[in-house]
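The following blocks contain the structures, represented as structure tokens.
Below are two complexes that have chain A in common, paired first with chain B and then with chain C.
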Partner chain A sequence: MPSGCPCVSLDASCVSASHSSASVTQSYSLTQAHKPTIMATVAEPNAIVDWPDRYAHIDQILENAGPRTDPAFAAGDEVKGFLRTQAKVLVIGAGGLGCEILANLALTGFKDIHVIDMDTIDVSNLNRQFLFRPKDVGKSKANCAAEFIMKRVPGVVVTPYFGKIQDKDEDYYMQFNLVICGLDSVEARRWMSATLVNMVDPENPESLKPLIDGGTEGFKGQARVILPTITSCYECSLDMLNKQTVFPICTIANTPRLPEHCIEWASVLEWPRIQADKKLDTDDPDHINWLYTKALARAKEFKIEGVTWSLTQGVVKHIIPAIASTNAIIAAACCNEAFKIATTSAAFLNNYFMLIGTEGIYSYTFEHEKRPDCPVCGGEALEMTISADLTLEELIELLQEKQDIQIKKPSLSTADTQLYLQAPPQLEAATRPNLLKKVSELVKGDAAITVTSSTLPFNLTLRIVYN
Partner chain B sequence: MIKIWSMKKNEDAAAKKKPKVSAAQIRVQKDLTELDLPSTMTTNFPDPADLLNFTLNIKPDEGMYKGGSFNFSFTINNNYPHDPPKVKCLQTIYHPNVDLEGNVCLNILREDWKPVLNLNSVMVGLQYLFLEPNADDPLNKEAALEMTKNRDQFLQNVKSSMRGGSLKGQQYDNVLR
Partner chain C sequence: MTTESQDISDVITSAAPDAKTRRYDRQLRLWASTGQARLEEARLLVLSASATSTSILKNLVLPGVGHFTILDDAITSAADAGNNFFLEGPSSIGKPRAQEAVRLLLELNDGVVGEAITDKPISTVVGDLEFLSKYTIVIAHNLPPSQLDTLSKSLWSTASAPILLTVNSSGFLAEIFIQHAPHPIIESHTESLPSLRIYDPFPALLEYSKGLDLDNMDPTVHAHVPYIPILIHARSRLDGIPKTSEEKAAFKKSLLELKKKQDEENFDEAYAQAYRVWAPTPIPSNLTQHIFPHLEDKLAPPVLPPSIHGLLVALKRFTEREPHVLPLSPALPDMKASTESYIHLQRMYKDRFNTDKEVLKSLIPEEAGDIPDDLVDTFIKNAHGVQVVIGEQYGAFDKDPSRIANALEIAPKDLGVHLALQAVREEIEAAGKSGDALARVEREALTKRVLAKLAKGTELSEEIEEAIGEVIRAPVADIPNTAAMLGGMVAQEAIKMITRQYVPQSGYCVVDCIDMRTGVLV
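Then we have the complex of A and B:
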């Protein structure tokens, strides 16, 4: 991890409030020779920089080591310099949690913040996503949030990306010191967590990026710290997820009793039956309207009350009412962790905080353990040195002979191809010709091989080195 | 910034760099290669390189659907095993738990799905529907009603529908081998 550069002063007086992170850092380094005091000098009109006591409260934490601070804590200018001129954080999601997170980060002194969100602003977001105004409806959440923060908190540079996290590659994620997720999708979280785990390169300490994941559902929420490959990852805890409400399809088809049953009937059974191959787009008001009309007719038929347009939208989009204050609590917890991790000013969360506000208020913090058979961060790794002439069949024999791993009938694949699958018969036959080919022809470069076997409770990652 | 790396070095289990295979893919590979299917069921992959889309053929060797050959499509998304596989019957069949669009009423495909279940459990569950149709959870209400009220007529309907006959104006697919 990059540590704060030595004798960093907090004197950022010459830093112009340029909206580019590069120029902030650059002009900062030019000012290092200045005296190490907090100064307020306005270099040019409109260029607002830190004013006296801007961070007076936060500096109380950063200027002195406390009984709980890490021995490596470099109280004073070094840590302040790192936080305010070097730390680069990525926020994923600019929605209910994201707005809170961005505001908190900016106000705690992070100055180089990036944000990704693929969504546009809906009028129903405005009650809690306070960085947006009615005029912003229809615009990108990431862009509007960035613009708002930069206007409101001088000297902070927020770089937005209006798109999907999957559009970005490892090089992109590598530039950050830490990542904070405020997402509402399991799939996006799984992707982000797996990507950061996969990025960890044993040769490169910089490749390990702490991930802080926040999530809320009504009055419930959680905040957790994931140190990829070191602590339990998102995939490890997949079985802890609340089950979505799903109704038996036969109830939907024959014995509806609730308005939700009628809506599910319209979306699960009637839409594919009547609209055939047309894909249901839950963001399209016309589609919701169609479902609503169908569901309402069915509700009448079964004398069920309560089918409304907004319930229809809620059921098909799996909307759980968002509570602004739950978001505020969870975002605050996430940002405190980000601050502690970036500054080492206090012990950070190990590793799972949950908040249950549904019955009174209850919170619990515990250490979620890594799952040894986690398909993302678990499993074992093995390196084998083989001759470039070795065939796949010979490699499989070698694997089965290994006493320490006890593999029977392994199936092997790489990220883009199946090398050899033991079953089902058709796939075995399709991959059988590979057995006689050389491993060096099948596996390019240093690609890793994923090995599964019924005798392994997890998967094994095999790396091949040619002698 | 915390020095995480020192924590990592103390860890014995410091994993080596992983391949970029999604968790869903690894799970599907594990599920498929460890399938333990009776001879009555076979899988078919239109594209052997694509493990996420395939069909399952079931030829029940006992019960009232014996002699039939039934095909189901399996569609697995990248959120597997959090999401269950999507399964549809590819033929129009007369069955209390399968509707005319091919939707299947099997609890573990929807409300009772859990990530600990696997493709084997789903396939065995599907076969069970042919051995023991369940009139209490109907998708084809008429078939279910017939099954409880008039079992002999129901058995006859099953036979004729499997031959490709029509019942009450509804044409069924011939599923005999």
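Then we have the complex of A and C:
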């Protein structure tokens, strides 16, 4: 990276980041070591030389500083060279946002792009995931997207990985200059953010990898820049997520009122009762049809209107409406930040951009603040005030309801006691009696409780205060 | 529940969806089959096949716009091949740009028809209303100001002329403007909810609520009475509506005292919703101030379609009658209740909706013609969010010194970007460099043009200086990220205009990709 610190505009606390940015250039031996595995149909990397004027548009930005550009901006060949021969970026997700992100990165001049996606292409992706065609349905998104980009934008190498982000280790993530996330899974984004925060080694500035995260829903979306350990991380902002509607089991079982209640009854209660061990596959139209038929019958019985196939599918798959145009805006915002960070051609976003397109083009740009008690980047233990009569089981329920930590099936222990473990079965059985005991009896004084969960890539430290 | 999503039960009523419905599933949940049908009827004319233009088109071809034409007589240059995803790199160089772009855009959706017009310069069609009128929307990117001026005048000459969506961009900076005739929106997907009529219950609801015998009710039934009748019942036992904060607090307290058991959530809901007892739901000012007073003049047909005009006239007449409320929406939110009591309440709302609907229909003026029943239903369900966006001619802002002076005060950054972008287009046209991907402009010339747009003696603010500096840096750069962002924003606006759902942008929308913010000049 050109010698400038892209984050001078942030604050004094970003000293370590500026080191990291300055030294990213040296990490490029990694690029050479990592030979891309690409399809035979694609030309050898660098076999196509940039044609004259290829970058005539973007070069206007890279050859001249603007009035607000950082003085350290190395206009001209240095910055162009870095972008086109050294920078290495990772894109997580090759779906609605991912397709757009890959195309933008390729056109702006990034030549070494990696992409990870575990999904295959579905027909309902084709209204927005524009690198895929009907003939691609069923194939890997990462592979198809990479192939398409390399064909359309000559000289760009896109290395796909058809699998999970959790398959890769820190050494893998260490090779990139920055990571862009275009995911619809909260789970995966938390994992990626926590992993990049954990990777930061104050002794090794190169270990700080900027994370750019985008998300959309209908006409709305957001893009943000995360400098792990320096700015607020994904975990810091969990409470900003829309709370998912959860229907109480007693409503579903006894007093259905909405078509959704009938559908939940069919999927949560009837499916396991009748299909026993058969796993519900929400991508299988026969399974949806079964649920739809059951839900419709229940709705008739209770005189409830509005159960449809589409609603059934929407409820059981938690479908979020998605369109190409919103993805285009958010992906562009993400890639624009990646470009600004990689080139220092303009200050980058500090640190959150939110767009609402339902009523005009409304957007809001603000600095999302770090949470001191963020379990990933905060360092401080999470404090919870509870009654001395609260049982361990009730505490676990409280934890699962907390919007700012969003934990599923947690296991709890202190330094010397296993309070409750979800697995393995023997330990679960051994610790189960504790569930009915009072927390105040199990945990002495202000001992810290360590909370773990298979859905979290980190441990949460909890300190209990009794009221 | 988000109101942005369609009332999902309206989306698709048949069982297992067909191939097209499966493909469009994620968007039908936003604009339903009515919006989709309008999209498929729409015809777009796009002036130039720039990177920004093809980015816009991509986002309209994917969801299935009916037809598009790119009019552009340019031959693909080396620079075009480098920044436009809908050109095939070096192999497109030397070929007609529009033809290449149309071919590659059509690969995205075989349900869309597209054509390239490469033998006519843009300048020959901007004044040709007959040609332009074949389209629903005309989209123009970085048109030379003289051509844009002619185009906007042509499209402003009659109310039935196509909508104009114009984009002006340079490097990291851009602006968007929509010129349109008064634009009615029935399905605005507003976040506000229709009145539940707790403040002013309709007779059946009042009778039912008053008649509740809460004291002698079976405990299970008692715990499942919906909060709406609880509130109306409790209020009917008072002399009047609680007014002072003491009266309100006492009323709320009395609700909790009605509980038979501590865990009766329906009474907790009543407590939380108690304000509805003393909070009337007035008729939205959108209707009373912006629509009703103008139905006989500036909104009279043919400005508004006769059917929508007829429904609005009927709505105005409806609200003039006692008890001065909107016709009742049948939508009832979920609440703690037994199935029977909830369905019973829902039935009551539906019955009233049907009664109100008949009254409304009887008030529709004859000249409105036959209005399909499902349109009346949709209209009543969304009456609380109905809007008519008036719109104005492109450039009206720039001809009004008071609006510029106001923007200088309240939106200096946005005004700076707007003036610099306007000036750069003028300067490039004056220098005869339109279409030159490497054109440069001088700061002095640009500053002079910006000053000419401001009141005599105005000093250039820092914000304006910065915008000028940024535009000089990359005067004709159509950079991929900005193009992609504009592609998304302009397509969103086009979709909103075409489907007549959701609310479009008014005024200039200014986009600054350095600060990553948007602003509005009105």
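Note that in this section the second predicted complex is superposed on the first by the 324 of 467 C-alpha atoms of A that agree within 3 Å, B and C clash if a C-alpha of one lies under 4 Å from a C-alpha of the other, contacts with A are read in each partner's own complex, and residues count from 1 in each chain.
The definition used in the following text is that a residue touches a chain if its C-beta (ideal position, glycine included) is under 8 Å from a C-beta of that chain, and two chains touch if they have at least 3 such contacts.
Nothing here was measured: the structure is a model prediction, and the numbers come from that model.
Judged by the touch definition given at the top, the superposed model places A:Ser124 against chain C, while chain B stays out of reach.
By the document's definition of touching, of the two partners only chain B reaches A:Thr414; chain C does not. In the superposition on chain A, A:Thr308 makes contact with chain C only, not with chain B. In the superposed pair of complexes, A:Tyr173 makes contact with neither chain B nor chain C.
Once chain A of one complex is fitted onto chain A of the other, the partner contacts of A:Thr450 are limited to chain B, with no touch recorded for chain C. Judged by the touch definition given at the top, the superposed model places A:Ala194 against chain B, while chain C stays out of reach.
In the superposition on chain A, contact of A:Thr326 is made with chain C only, not with chain B. Comparing the two complexes, no residue of chain A contacts chain B in one case and chain C in the other. Of all residues in chain C, those touching chain A in their complex are 1-2, 4-5, 8-9, 11-17, 19, 21-30, 51, 55, 58-60, 62-64, 77-79, 81-85, 88-90, 93, 107-109, 171-172, 176, 188-190, 224, 334-335, 337-339, 342-343, 437-438, 465-466, 469-470, 473-485, 487-489, 491-493, 495, 502-506, 509, 513-518, 520.
Residue ranges on chain A touching chain B, taken from their complex, read 1-3, 70, 72, 82, 87, 177, 186-187, 190, 194, 197-198, 200-202, 205, 208, 210, 227, 229-230, 235, 238-239, 241, 246-250, 253-254, 268-269, 272-273, 341-344, 348, 370, 375-381, 383, 411, 413-415, 417-418, 421-427, 430-431, 447-450, 452, 454, 459, 461, 463. Against chain C, in their complex, chain A makes its touches with residues 48, 51-58, 60-61, 64-68, 100, 103-104, 107-108, 123-124, 126-128, 130, 133, 152-154, 217-220, 223, 242, 245, 255-259, 285, 289, 292, 302-306, 308-311, 313-314, 319-333, 335-337, 339-340, 346-347, 349, 353, 355, 357-363, 365. Taken together, the chain B residues at the contact with chain A in this complex read 1-5, 7-8, 11, 13-23, 25-27, 29-30, 32-35, 37, 42-45, 48-49, 51, 78-79, 82, 97, 99, 101, 103-105, 107, 109-111, 113-116, 137-139, 141.
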